[in-house]
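Structures are listed in the sections that come next.
What follows is chain A paired twice: with chain B in the first complex and chain C in the second.
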Partner chain A sequence: MGLIQNFPAVSILLCLFAGIISSGLKKQAARYVNTILISGVGFLSLCTLMYILETGEAFVYVMGKFPAPWGNEIRAGVLEAFMALFFCIIMLLSLAGGRKKLADEVEDGKTFLYYVLMDLLLASLLALVYTNDLFTAYVFVEINTIAACGLIMIRQNGRTIEAAARYMIMSLLGSGLLLMGLCILYDLTGHLLMSNIKEQMGWIYLSGQYKMPALVTIALLSVGLAIKSALFPFHAWLPDAYGYSTVSSAAILSSLVSKGYIFLLIKIIYRVIGFEVFYESRIVDVLFAFGLMGMIFGSISAIRENDVRRMIAFSSVAQIGYIYMGIGMGTQAGMEASIFHILSHAATKSLLFIAAIGLTDVSGGSRQFIELTGSAYRNKWAGVAFTVGSLSMVGVPLFSGFISKLLFAQAAVQNDVKMLPALIVLGISTILNAIYFMKTVIRIYTPVEEHKYESIAFKNMKLYVAALLCFIILNVVLGVSSQPIVDLIGQGLAMFS
Partner chain B sequence: MGANLFSNYGEAVAMILFGIGFGNLLLQNNLIKKIIGLNIMDTAIYLFLAEKGYIENRVAPIVTNGVQSMEAYINPIPSGLVLTGIVVSVSVSALMLSITIRLYQRYQTLDLDEISTRLKKEGL
Partner chain C sequence: MYYMILSILFPICTGVYLLVRRDMESRKNLLIVTGAFFVVSAVLVILTLCITGNGIFTLFSLTDRLPILFRIDEVSVVFSVMTIVVVLCAGFFSFVYMKHEEKEKRYYGYYLIVLGVLVALCFAGNLITFYLFFELLTLSSMPLVLHNGSREAIMAGLKYLFYSLSGAYMSLFGLYFLERYGNTLTFSAGGVISAEMAAQHGELLLGICFAMLIGFGVKAGMFPMHAWLPTAHPVAPAPASAVLSAVIVKAGVLAIVRVVYYIYGASFLRGSWVQYTWMILTLITVFMGSMLAYREQVLKKRLAYSTVSQLSYILFGFAVMDGGSVTGGLLHVLCHGFIKAALFLCTGGIIYMTGKTRVEQLRGIGKEMPLLMWCYTIVSLGLIGIPPTGGFISKWYLAQGTLSSGIPGFSWIGPAVLLISALLTAGYLLPLTIQGFFPGTDYDYSTLKKKEPPLIMTVPILILTVLSVEIGLFPQIFINYLLRIVEKII
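On to the complex of A and B.
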């Protein structure tokens, strides 16, 4: 066993230990530990990715001394390592972009706790990505929820505490269903490791027995994870949680936390239930339908919103709808499009949140559209970044959003039954996206006569601008050289089975 | 199907309790009642696991009197899962209770909807 095969387990353990150590450190030190940790874990993930690409096959790392059907395992393939690397990049950039705001919004004595939560969040995300054991996945889902709740609540005002309460309630409903699903699955198959369960599920499916329990399990797992990742009818907590928490939290919640759950769902579909069994169960149609509804209703709510942060939050609902639509198509191409959209949305949404905070800061802290008029002249970098993010969300070529829309459309064409609704809703949703994002871009570039607010000098926001530039580069890279990444996703999905 | 339901009454009860807990967590307005619902829901899952893990005429897998035959004991994994689940459930309940205390200190009410309406009035 090569040295590199230890890296996934080591990175999870490093994050957990960093969390414990940071809880005894001062805020400066905790921040250094956190930054070094995220970069280090990113580097380890990169090494793992290179190693897997070189050997051409996924590897399994046995945790502890017990072999396969009893012990706990970690499994790393191309997609897992790539996701871990991508999550680290987004997290690092979001933290850098929101650092100044964090100092303003969080009590000085509590800043170190923010980094503790961030370490634990990274640990749980990595565990969700890498684990090969369903019950471990459940435990880390809960750790992820608790850390995310802390991230919402760390900025103390009535709104955030209420949002955290609502977030917790929805999440707990989701994890209750997930746990019930896992228990029935364990009862059906007698295993907890994903590969063993899949073998048994194949037998059960072929023998035609236990049709009903299998269906109930699939439904419970899908609905549980859909609730946790804020699919359309379950999104009530989302605008407050994203709209009022501190900006790094909002960026990380929208681009990483919900994506972690979706990635787990995709992993369950491929590695636990089996793609064919899942497709036969017709649950895909339910996910497809709710995805389509989310695309429309999320965008309509965003148009009606008068607060820029909440508008971006509602746009997340629509984008999660896109991802579930891709999953619901039930084809390989749809799944590839969904995974690409996970990447593209993560890169774009965190960019938008961080750019929006720059714009509201030069408008007296107000987030109402009327006050934002002309703010792009007062903070030029944030204006440019917001425009790039908006164009990418609308789906203009050169940026990542275009590629994911293209992939979705291509996937839709391959599916006879779902082609028409998918393409129509994709079109409508694009127009709605264009309405609210372009409205905002036009407003921030509308010149104002009287100068009510000060503009901000470049030297006061070097780190912020650097983070925005990195996000823009990431977006353009995803948009221009998408083919290697799509190939990588395809390779990763092939490695799942 | 009906006959199975009767012989598996433990699992049936667990499912009913799960439903009750889920409904309470979803529909109650009072935060404390919601947390009680959460606990009923989680406990129902542990009941289900324990019920499924039990095999008649066998005992808990702790070696006593030197009996080492596998036939004498039940599978320890469901019990282990229940223990892990309890730990998770305790920490989540504690977090929910602490959020409830924060909200009560600010708004002197446990009704989540009323808190929302007041927040809208404050216009924060």
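On to the complex of A and C.
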């Protein structure tokens, strides 16, 4: 079936074209194009996934039939196709959940630009997931940054411009480090295609030459991508960027954009540097340590926060810490746990962002906790959804967060050195999570005496409720029948090498 | 088999139904519907116990190695019967008691969910299932604690939540290790740790066991994590405190029974540092709880401290790991369940009729509500351990088992502490009786009015009282049954 092998490349190109076409369309039309695009790409990814599962091996697609080392390659395995599919689902649901709110948040004349940026963002995410060429990865990292900046800034007020500027500076620093890493890598190996570099890296590692440059490269690549995905202590840009942008942007930025970079890092670890080489360098320990710190400090900042959106944003810092802790474990099990957490966090965090907007909307638009009192009675669906998201974040069984935690712990007990710190921090972080999420849940369910704000009726928010329900179902599915997904992840990682 | 699932899901689903449906037109309708739900749930559980054999029912699998499964054994029977009786009595009691509280529908909704979760805990067949429902129990019982919505209640609810979650995490910590080192997490009498594992990772497994004891001990109010109990119980409505104090804390006891006797096995732990530390902790708790109760003036708080102390009687019996002491512990689970529920319901009756909460305000209460105070006195005697009540039998077995266990030091320190604590129990429970029936010569009889609470409040208390005495009058039925459990696990 040669046809399906074209799908990954086609979906990237489709996104780019859709972006170009939408820039000449009205907002309604741009919205339709965007929705059809995401669903279509999701369908193509599903086909690719089925195809790979059937054939049982990954395929490489050579762009324009130029062979390596000159041509550009795309590679699709189980994990890549699955990620692409998952990203499409989350993006579709996040956009649906924030659609009604978008009219208030973005000026009428600029709405079509919002969808153009979304198309480009999807293109860059797909490219990051599928590419087999490091330089292409770099190009799309930049496109991703620009699109994300635009998505933050499109809601025009002072805070977002400041946030976007911060994001820009930090992100460019990250891409700069990444570029330097790529340059040194190119210098060392003379290749840009992932498979070729890996071959050469294996030689270099065995010969024992260039130890220092190789270490520096690994460090530059890891730190560059860590900055871009907001690993503690590089997270200063995150709370404003997630806290003040439009709600769909916040959901997508936290659940997809930062995860795209992490996925790229995982790909680099497996497909460029080689898992053993990466493990031998002591960078894993650094990532592990920063991951642990992020888990604690992110949660502490969230506890001190008095603004619900920023609180959820800070919680992302903690969750990214979890993911890096798993990567830093340096084992197969740790990596599987991290990838599962990418999924579970994406499903939960976007749910929380979307639910939070429903709660703040029925509290006069204020995000202060004092105003949110009793808001779950004014918007029942958002209250239920927020509770589900919180329970999942705290790690109550039956929801996806519990399975992530279980996988992390299972990975930790297999590693004698890192077992104790990982489990202890996991425990502390669980309790800190419980403090701020349960505090919020109790707050929104505390009845109020005088009714200051109007409640919202179901018929005014059908799409919103549908999106929330889909998110809740996604969460429960991840939490109840996790085994097939974990198997899929394991299979995908096996295909990486 | 399906009865098992039905008896768990029916109360949970009806509870959720009550939570989400619109307010009923009249209070009477709500009570009829809720009462019907109570009765059907109870019938289902009893039916399940009668007709289900030793089969295993797997609901679904969280992951390949972690199935959610249920199985009924003798321990499940003991705990679930106690649960059903207490929950039903307190439930019907609340029909009158909750009249002056708001949000009744919410209360009954969560109450039914708690019932379902408790039944599920009794039926749980492996550790992960138990853990799942243990977490759900915390979450569903929290709304009962913060029912009246005052700042004090919310703070108490949060305290309860954080203590429970911290405890649950410590147990989860153990679960992670056991999942790797144990062959299986399925409960089986005598333990599942293989001799090979025990030899290789003995110290590690002991440490984990200790963490799990402390973790699950939070729910059972074991020192040093007991502080939530006296805060959370008094703020809840009285019937909810009865359930909390008599049944929900027993979930912690059940957890410890399962971990110690059905995962680790008594032979693995006997003579280890874990056993000694555990005995020391429980004895400290027994003594400290009684002391604090003795000094406390608010009646509900006093009873909460008493729960702390009495639960550690049970745990001490399990810690000694002798046939007699375990029998005594299991019997005390039943006795304490009935007695403490009756005590809290009596307090509820007093609060409902007079609004008084402190012990010194209750002079002459026995003249105002004689029937209630008679029940109070009888069950108090049971808690102190005076024959012919059930408490005497259970404490007798506890003390005898400890004496015959031959553990150096503890075999005589244990009974001594239990004896001192029994005296303290008399010291904190009986003054109310004495002042209540003999208010002294300066008591003004002219203002005396009969304030006996309505029948629907007194009948549940009477039932519980009769049950607690019945255990003392015909102990052989219970002891024989419990010995069957003990034979398997010791």
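Basically, the second predicted complex is superposed on the first by the 496 of 497 C-alpha atoms of A that agree within 3 Å, B and C clash if a C-alpha of one lies under 4 Å from a C-alpha of the other, contacts with A are read in each partner's own complex, and residues count from 1 in each chain.
Throughout what follows, contacts are C-beta pairs under 8 Å (C-beta built on N, C-alpha and C of every residue); 3 or more make two chains touch, one makes a residue touch a chain.
These numbers come from a predicted model, not from an experiment.
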Partner chain in contact with A:G176 - chain B first, chain C second, else both or neither: first
Touching partner for A:F43 - first (chain B), second (chain C), both, neither: neither
Which superposed partner A:V413 touches (first chain B, second chain C, both, neither): second
Contacts of A:F59 with chain B and chain C, given as first, second, both or neither: neither
Which of chain B and chain C A:V394 touches, first, second, both or neither: second
Contact footprint of chain C on chain A as seen in their complex: 391, 394, 396-398, 403, 406, 409-410, 412-414, 423, 427, 430-431, 434-435, 438-439, 442, 446-447, 480-483, 486
Residue numbers on chain A that touch chain B, as the complex places them: 135, 138-139, 142, 145-146, 149, 153, 157-159, 161-162, 164-166, 168-169, 172-173, 176-177, 179-180, 183, 186-187, 192, 244
List of chain C residues in touch with chain A within their complex: 60-64, 66, 128, 131-132, 135-136, 139, 146, 149, 154, 157-158, 161-162, 165-166, 169-170, 172-173, 176-177, 179-180
Contacting residues of chain B [partner chain A, same complex]: 18, 21-22, 25-26, 31, 34, 38, 41-42, 45, 48-49, 52, 77-78, 81, 84-85, 88, 91-92, 95-96, 99-100, 102-103, 106-107, 112, 115-116, 118-119, 122, 124
